[in-house]
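Labels run A, B and C following the written order; every chain starts at residue 1.
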Amino acid sequence: MSAGIDLENVSCDFGTFRAVDHVNVTIQPGEFFSFLGPSGCGKTTILRMISGFTDPSSGAIRIGGKDMAGQRPNQRPTALIFQNLALFPLMPIWENIAFGLEVRGVDRAKRRARAEELLALVDLPDAADKMVSQLSGGQKQRVAIARALAVEPSVMLLDEPLSALDLKLRQHMRAELRAIQKRTGVTFIYITHDQGEALAMSDRVGVMSQGRLQQVASPRDVYNNPANGFVASFVGENNILTGTVQNANAGLASFDTPVGLLRARLGDVSGGGAMKLYVRPEHMTLSATAGAENSVPVTIGEVSFEGSFIAVQGAAANGTILTAELRNDGMASVPATGSQMHISFDANLASILPDSATVKG
Amino acid sequence: MKTNRHFLFHLYMGLFLAYLLIPLLVMGGAAFNDSKLPTVIPWKGWTDRWFVDLWNDKRIWGAFRNTLLVAVAVAAIAVPVGTAAAILVNSISGRVRSLLYGLMVAPILIPGVVIGISTLLFWNHLSVGSGLHLSVLGQVSYIASFVMLLVLARLQSFDQALEEAALDLGASHGQVMRRILLPHLYPAIGAGAAISFFQSIENFNVTLFTRGGADTLTVYVFSKVRSGITPTINALALLLILVTLGMAIWYEINRRRKERLQLTREAEGRRAEEAMI
Amino acid sequence: MQDLLRRYGTGLTGVFIGLTFFWLAILVILPNFTMLESSFRPYLAKVDEGGPLDTYSLGNYMKVFGNEVGFSIFGVVFQVPVRVKVFLLTIFYSAVVTVITFVLAYPLAYYLAKIVSPKSLPTLFLLLFVPLWVSEILRSFAWWIILALKGPLNAVLMQLGVIDTEIRWIAGFSPVIIGLVYTYVLFMVFPLYNAMQSLDSNQIEAAEDLGSPWWRTHWRVILPHAKPGIASGAVMVFMLSAGSLLVPSLLGSTTSGWFTQTIQGIMLDSQDWNTGAAFAFMLLIVCTLFVSLAMRVFGVKLSDIAK
């Protein structure tokens, strides 16, 4: 039913431009896998290669163990949800959904029945005879999903499907998509530039930059243990400090920064090049007195109330701004601007990382 | 000041329309005048005998039949050819595209006389004699250009992602063509067929040189005018004008109905969007 | 090519290429080549074709010369070969027709593009389109009726007391010009309208606001913008006029020969197809030259025929 995908050393060149650079990853059957990265990082190209619209310049793509070289898009067990949905405007909704069955020669009565089943699955029971222009954005989304599910694909490919929707709808659809995936058990490959989406929906996330896979891990790991500086800064907020590594011991190292000697987990230094220290604002704590280690004296600057958290900026002696995020748990003591406090963090929650490197999945 | 000038323009428009339409009225009117020569002056009384004569004139109906046959044949050939050419040119880019496009548009700019003579000479070389079949071929050479332009314009509004979506769902190329691309092109193809049909009916220059001995409406009327004519021609002209007018009005009503339907649907979509369902 | 095969598969791509090839090669390019080739060969009896007499020469083209006839411009008389005279007059009067249609069409195009409210446009266009759907021959025929010696125009003019006796309209080139203008004026209106439509009305208002009188606004703002429309309209009208056979035959007389009539005579009366081909080719050359000239002067490309 659902199949796994192997990308073996896949590269794709457009003339002299290398869009995808030696990507290696194995996606498990039934997994919800996201490719996450900024525009132009190559994730769309990967999707098009898996679906068959673009050929890889080198490397192999296997779906369910079978090599897809030479297989045209209409021969592959994949179904693609396009970014602009590409619903057929001249057909009623049920014909849109049943199209995949129509081209396989299924008779009309069966097609109609299956279309109505799927409409019920995506919670659009009355839409069968409507035309595409009569639906809202969210409804069209669901029709696109139903249309893809109708052909019982082994792999569903989704190209930033939620980017055109507004915030509330996007959050609603995230949950829906995840629910549909769990219900049907089909492998989902999802590409997006929105880290919140990727983290919320996926079993695993592949972070990409400039055609290369930077890290493949569960959302938790990507967030808490980023492999390099790119992943750390692309996913979530960071305080970033430059400096040099002093000594390393049992996975932790000292890092000499302009605001003092700090200790944090040491990432992969083998690539050489500059290292930086990354610590997330929500892992910072504020106290009136200095802590045992990793404690920086700051003057409190901007304090902004952001709803569920409070962002506090503190300026260190040399001018570096550190940001802490305090949970809004109704506590009375919010630091006053201008007061002298200490920002500190646990060494195990911070990382010293190189800027970027290639990673195997 | 503005309204004064605008009045002048409205007046000009009115005069221009009169200028265009009065000769047609005169010609239509002559169909009812009881006078041997087609004219409205002197007016000799109302009559419908020219319509009766028209009904009985075998030669006119023969010519009319030929004209229709040729027009249908021209439409039947020009539409597929023009559509294929438009699809082809749309998928190519760069210098080749400009060259092809130029070649496809050029026949419109070639005088009909030249098309007629060149067609005649070419097929004669291949031992194909003149006749209505040559008229069809000659007419297609430039009428296909019109079809091509119409279809090409319509292709610009086609979302290629629809083709990809269909392929992705497992459709064969033929199915993509039949169910996705052609339905989108139907308006242009329909317009192309109509234009082909009417352009063929009124063609003279090409037909004159290629027809061999056969009569078509335009050639027949032409010869009669020179050689002695009765208002049966006017009767025919009036009928043709009324039919054309009727079809134009029917087309316009249809178009407006479709437009209104589309607007209602889109409004409904927008309401659904706002309701956030 | 790759893109084509990818999108449509080999079968359909083959069909597209085949149909297009059939059209361009067999219906357009080869016939014109054949015509060109024939124009260089003498008119021979069937038996002599392919034989020693069948040589290439400019003989057919030279037939344009010969049979000299008087040709007076502003009173000065030249001796000119009759066919050359016909050729030159055809071109001259086609140009005249082009200018007249431009003068008539310009105000109307401006009116449609800028003054009329967009709601009335479809109806107005429908009204304007009606004459186009009426066959060209019927339109010329209508004027034949009107301009007849005892016809309506004379009658009306006499009624209004403008003239005393009927004017013989159908003499000389005037009726031909009238007929050509009537038949083809709409081909000038629509390209002009299209070009003007794309002009931002704010520019016109800005010019007025800066104090420009209406004729200056037209001369410096609207006309330049409408250039592509003028070029395409002029090309269409000129070529249709120069190539018209119906109108000059119906409304012309022996004193007003049109070059197409010469060709017709050679082809159908004398059955000398090779010379006919030569003359037809000359007509084609003139039209091509005119098109190139218009494109050069107005800076327009072939993508101008927006019907």
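We take it that contacts are C-beta pairs under 8 Å (C-beta built on N, C-alpha and C of every residue); 3 or more make two chains touch, one makes a residue touch a chain.
Everything quoted here is computed from the prediction, not taken from an experiment.
Engineer: With chain B gone and nothing shifted, sort the other chains into their touching clusters.
Structural biologist: Excluding chain B but keeping the rest fixed, the chains that touch end up grouped as A | C.
Engineer: Give the label of the chain whose average Cα location is farthest from that of chain A.
Structural biologist: C
Engineer: Of all the chains, which has the CA centre nearest the overall CA centre?
Structural biologist: Here the chain at the core of the arrangement is B.
Engineer: In angstrom, rounded to a whole number, how far apart do the mean CA points of chain A and chain C lie?
Structural biologist: 64
Engineer: As a quick test, compute the distance in whole Å between the mean CA positions of chain B and chain C.
Structural biologist: 18
Engineer: Would you kindly tell me how far, in whole Å, the mean C-alpha position of chain B lies from that of chain A?
Structural biologist: 56
Engineer: For chain B, jot down the residues that touch at least 2 other chains.
Structural biologist: As it turns out, chain B has residues touching two or more other chains at 172.
Engineer: Could you pull out the residues of chain C that touch at least 2 other chains?
Structural biologist: Where chain C is concerned, no single residue meets two or more other chains.
Engineer: Residues of chain B touching chain A in their complex?
Structural biologist: 159, 161-162, 164-172, 175, 179-180, 183-184, 262, 265-266, 268-269, 272-277
Engineer: Going by the contact rule set out above, which residues of chain C touch chain B in the complex?
Structural biologist: 1, 3-4, 7-9, 11-12, 15-20, 22-24, 27-32, 34-35, 38, 104, 107-108, 110-111, 115-116, 122, 124, 126-131, 133-139, 141-146, 148, 150-152, 155, 182, 186, 214, 235, 239, 242-246, 249-250, 260, 263-264, 267-268, 273, 276-277, 280-281, 283-284, 287-288, 291, 302-303, 305, 307
Engineer: Looking at the complex, which residues from chain A come into contact with chain B?
Structural biologist: 51-53, 72-75, 78-80, 82, 84, 86-88, 90, 99-100, 102-104, 131, 133-139, 147-148, 151, 168-169
Engineer: Write out the stretch or stretches of chain B touching chain C in their complex.
Structural biologist: Listed in rising order, the residues are 5-6, 9-10, 12-13, 16-17, 19-21, 23-24, 26-27, 30, 37-42, 80-82, 84-85, 87-88, 91-92, 100-115, 117-125, 137-138, 140-141, 144, 146, 149, 160, 163, 172-174, 176-177, 198, 201-202, 204-205, 208-209, 217-218, 221-222, 225-226, 233, 237, 240-241, 244-245, 248, 252.
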